[in-house]
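In what follows, structures are represented as structure tokens.
In the two complexes below, subunit A is the common chain; its partner is subunit B in one and subunit C in the other.
The block that comes next holds the complex of A and B.
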């Protein structure tokens, strides 16, 4: 597709999204232009709004990358949510186990523990797919529920801080475990996420591994005739994806929540999944889309605050964005085909 | 679509949108008092959040110059801190943080914004600019317990609770003590749902109660609506809480304890405006009218109504303290002797269940 066609597709998608959003606002009886402008203002209008947007974009970025990594091999992992929770759990385990560590040791070890936990959670569906050809989508889906419930069991049970008077949460993290941040919420995790995206871009576009993965994604049988090991790459990429989501999980806990408790993720796993698919698993495209979706989530505060529309409106807008972004390019391609015939 | 094209497009769109936003000016009337409300569930939940939202609407109607806004479905995580900060930056000077788990975040944010006043529902801590408000529904729950045990055929009562926190232990114990005042053998079986809004678990719990032969179910979750409708279907009775849903379950309904926050919120806002407000634990009850014993349902016979209302009158007149001894824990140890009563602090930090309650505190 030429750059010009890309532009047309993008403009059409944007126009369709804006039109559907306008209809949605009109149905609610609200002025669409005013609503749209206040949403954008609340997402990117000043330094504070921008830092809120970045804070929302961080877990979405990690989850999207976690989906993109196995996605490059043609695998459909929906497991970022569960891997995020497991990373949060294993990272928290380290913090609770060694609360006296100095910051220089604490943060790297905490991230490593989270990465290992997330990797293990990704390894399970990876091995099942590699050895027994069990569908990774189903396994990652089920493991999501297990991880969320496991986190709840821990904070309702052994990890509950007695000082909470029954409230299900661990003790607050010591200052050494809180990642450094500028302006409160623009934290180290964002930098790690961006660096990961850049590294993944290089890994998937340069060198021999990139070629191998592309061949296997295109046709596994052809790959085998070249002596490429599908089972190895399934296992490795699923585990890597898990590790990335796990890091995202502990960063959300340490930088934003300050302690482990239920509902640390506001559906970031699923949002990340959609972002990754929208970006067609390209790390460099994931970066701006994660930022845009983070902005939509943070900016939708304006809808509740000024327009007094129900909280679910933000979710509906997000749904409209994903639906149009997936449908419009397909419709245009189809229209072009039938036009050419 | 080529990669640079899409990335560029998005970047350009973001810039364009950014420019537009800067030209859109936000202006607010200078003199209006802006008050923000934060709810843990939907404002239209027919339950706890709706009771708070009715208070918000009362403020809009009764206090001149007030404009309110609200956020709903805000989890009890750092998300609430973000939402509160957003409200403050939009000019809200008073924040009603209406859910239990919001307290620590309000105290933390209060240090950053000393000019803002935070009013937290039911908390046990205050700080320089964080006070709490609550209405004790214990008296009402005691009366509801009396009603439940009087109507029940076998004295087997059920209770659906969200979390094992002091507020819930108080309600369950008050309900059980009221029931035992009528029928000393009455038992209250508790099921914990682990969430304020778990319609599926609530339905399952009520069905399980009905299967066990329990014929009256009380509750303290966000909304009585699921429990009321399930009980109506299963042909058992319910005691509601937070909002009167008698119309939704006319046969199942016995009574309930609902809130009337409006006047209390009005008093707090006026104190803040006058500069006389001090952070404290403001508490209402049945006598002050902030907690209300709901009208009885058809299933409650006249003699029972009279008996319950007589005790209600005694409580309001200060002649009866429902937390007077003897009160005995589940394991048989005594909390208060006969002739003594639990103080407010002991009630607010309650961590036990009384004898006759089947269920665990942890």
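The block that comes next holds the complex of A and C.
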């Protein structure tokens, strides 16, 4: 696709999304233009809105990168959600186990524990795929349920803080475990996410590993003939993806929620999955899309509060965005085809 | 021949561009019922693309297609099938994990939602199979079939559609002479039933056997369209190539008798329904050893073991005394030049460009790729279109085969393993590939050459081994006294003494 065609597709997608959202607001009996403008305002209008948006974008960014990493090898992982939960659990375990650590040690160790947990959760489907050729999509899907239920079991059971009087959650994190933040919710995690995206971009576009992964993604058998190790890369990339989601999980817990609760994620895993596929697993494209989707979620949250639109609006608008983004390029291609190129 | 009737299909000034490139350019051609039209032309001439326009895979950029005199309503393969047009592609579309029977059922429009194992209706899809390929057991999984057998199942699938127009894209390139003969009979029967058959081919034998009319394409354009017999074979070849055919047939130098370089020692292996039962062969540097055999007798597995794609369960492969067999799942890069069958699946990365595909071995090994002069390889093997930045997946079937040959034969190799290396190539390219293969031998490589084409083997190999049932059943010196019939007898299992 040439740059010009890219822009045409982008503009058409945006226009289609705006039209569909307008119809949605009309159906709710709200003035579409006003709603749209407030949405943008609530998402990006001032420092506070922006920080809300960034807070929502952060876990989406981590989950999208977690899907993109194995995605570059042609694997379809839907496991970001579960890996996020496991990262949150192992990270929390460290904090609960060593609450006295100084901040300089606490945060790196907490992140490392989360990364290890997430990596282990990604390693399982990775090994099953590499050694036994078991479909990674199914395994990651199943492991999501295990992780979410495991987190619930912990906070309803052994990890419940008695001080909560029955409320299922751990004790609040000590201040040393809360990542530094500039403006309320603009925290260290976001910086880590952006740096990770940049590093992954370099890794996947430059150097020998990048070529090996491209060859294996394009034709596994050819890679095998010329000595490339599919099993190694499946395992390594699945584990790396898991580690990234795991870091995203503990950051969400430590920076936003302050303690481990049964529901850490508002479907960030699935949203991240869609973002990664929209970006075709390109980290630099994931960055703006994650921001956009974060803005949409934050904006519609605020809209719900101030304009009395239903709570489901955020999900519906998000769905409209993904549907148009996936459908419009195909429709354009088809229209071009029947137009005789 | 029915010349006076309204044509079933009429192309009017048809053009199809891919970016700058006009794959089909201003073609006007009729396809008539009851007639076999042979569509000839060099690799990349636009034959497959022209037929894909009719089948609705690509829409034309200009011009129109008339079906029964009306503008064709076909927008995709499903439309094509509804309108009675069936196509067997150069690259197959069978589901490898399903049985032959299930593949045929899945493609049959009249298949009910539920069908039992012994259903009478299910049996009907197998009727044609028993005519075209009586030897294929319908319960076998498709991934255990040889390429030629898959080709026949594809054909059966299309014929089951009761298509009025049957398009066959290079159907005989992977068939044994016996299979090809059955295909000819079948094609003639289809035409006699009043169907139109389009036969895309590079083999003049196909044209001889069943064509009524011949259309020749070159560089996207239709350069001739005439009834068979109106022109001589030499004229037809000249039309295809744009020049008279070269007369020199490439053959390797006489074999001087050097020590063994590539040694296969007691190889046993099993995979996907095939077995190797202790295969031993020694190929000397400079020698061209042909392996003849009906496809599906273990050749594919043997090739993959020798090339280190599959691990043998016993025995060894030695190159200059060192083992080059794969052990377990450890990464293993083959040191020998290797042209596998079905290059689109087994030898190229379609998502990468020509240049990367030509340098693939160096890229995978992480070495400097100085040995691969991409521009020179493209020129020498006449790969078209020739831009090194073009995506390999957009090449025509023959040009893809040339790409693999260029990579594997274009730089010096200690040994070469070539499986059907000229499959789908036009006459000019066949010469180039053979020349390159024999140049490797002349430079001291041990060449192992798997083929079904007995005439080619007899004309060119120094020695010929015959494979049947996963074993070498004969190994004979090709000293000029060897005949097709004797080889054929080995292949089909006549007693071995017949050779002595």
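To be clear about the criterion, the second predicted complex is superposed on the first by the 338 of 341 C-alpha atoms of A that agree within 3 Å, B and C clash if a C-alpha of one lies under 4 Å from a C-alpha of the other, contacts with A are read in each partner's own complex, and residues count from 1 in each chain.
Methods note: contacts are C-beta pairs under 8 Å (C-beta built on N, C-alpha and C of every residue); 3 or more make two chains touch, one makes a residue touch a chain.
Bear in mind the structure is a predicted one, so any value in this text is a computation, not a measurement.
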item: Contacts of A:203 with subunit B and subunit C, given as first, second, both or neither; value: neither
item: Partner chain(s) touched by A:219 [first = subunit B, second = subunit C, both, neither]; value: second
item: Which of subunit B and subunit C A:263 touches, first, second, both or neither; value: first
item: First (subunit B), second (subunit C), both or neither touched by A:229; value: second
item: Touched partner set for A:10, first subunit B, second subunit C, both or neither; value: first
item: Which of subunit B and subunit C A:24 touches, first, second, both or neither; value: neither
item: Touched partner set for A:282, first subunit B, second subunit C, both or neither; value: first
item: Contact breadth on subunit A, by residue count: subunit C or subunit B; value: B
item: Subunit A contact footprint on subunit C (complex, rising order); value: 17, 58-62, 75, 307-309, 329, 331-334, 338, 340, 345-352, 356, 360-361, 363-366
item: Of all residues in subunit B, those that touch subunit A in their complex; value: 1-7, 9-11, 13-14, 17-18, 20-22, 24, 26, 36, 42, 69-79, 82-83, 86-87, 89-90, 100-101, 124, 163-166, 194, 349, 351, 362
item: Subunit C-facing residues of subunit A, complex; value: 208, 211-212, 214-215, 217-219, 221-229, 231-232, 337-338, 340-341
item: Parts of subunit A lying in touch with subunit B, wherever the complex brings them together; value: 1-3, 5-7, 9-10, 14, 37-38, 40-42, 44-45, 48, 52, 55, 152, 156, 165-168, 256-258, 261, 263-264, 266, 282, 284-285, 288-289, 291-292, 295, 301, 304-306, 308, 310-312, 329
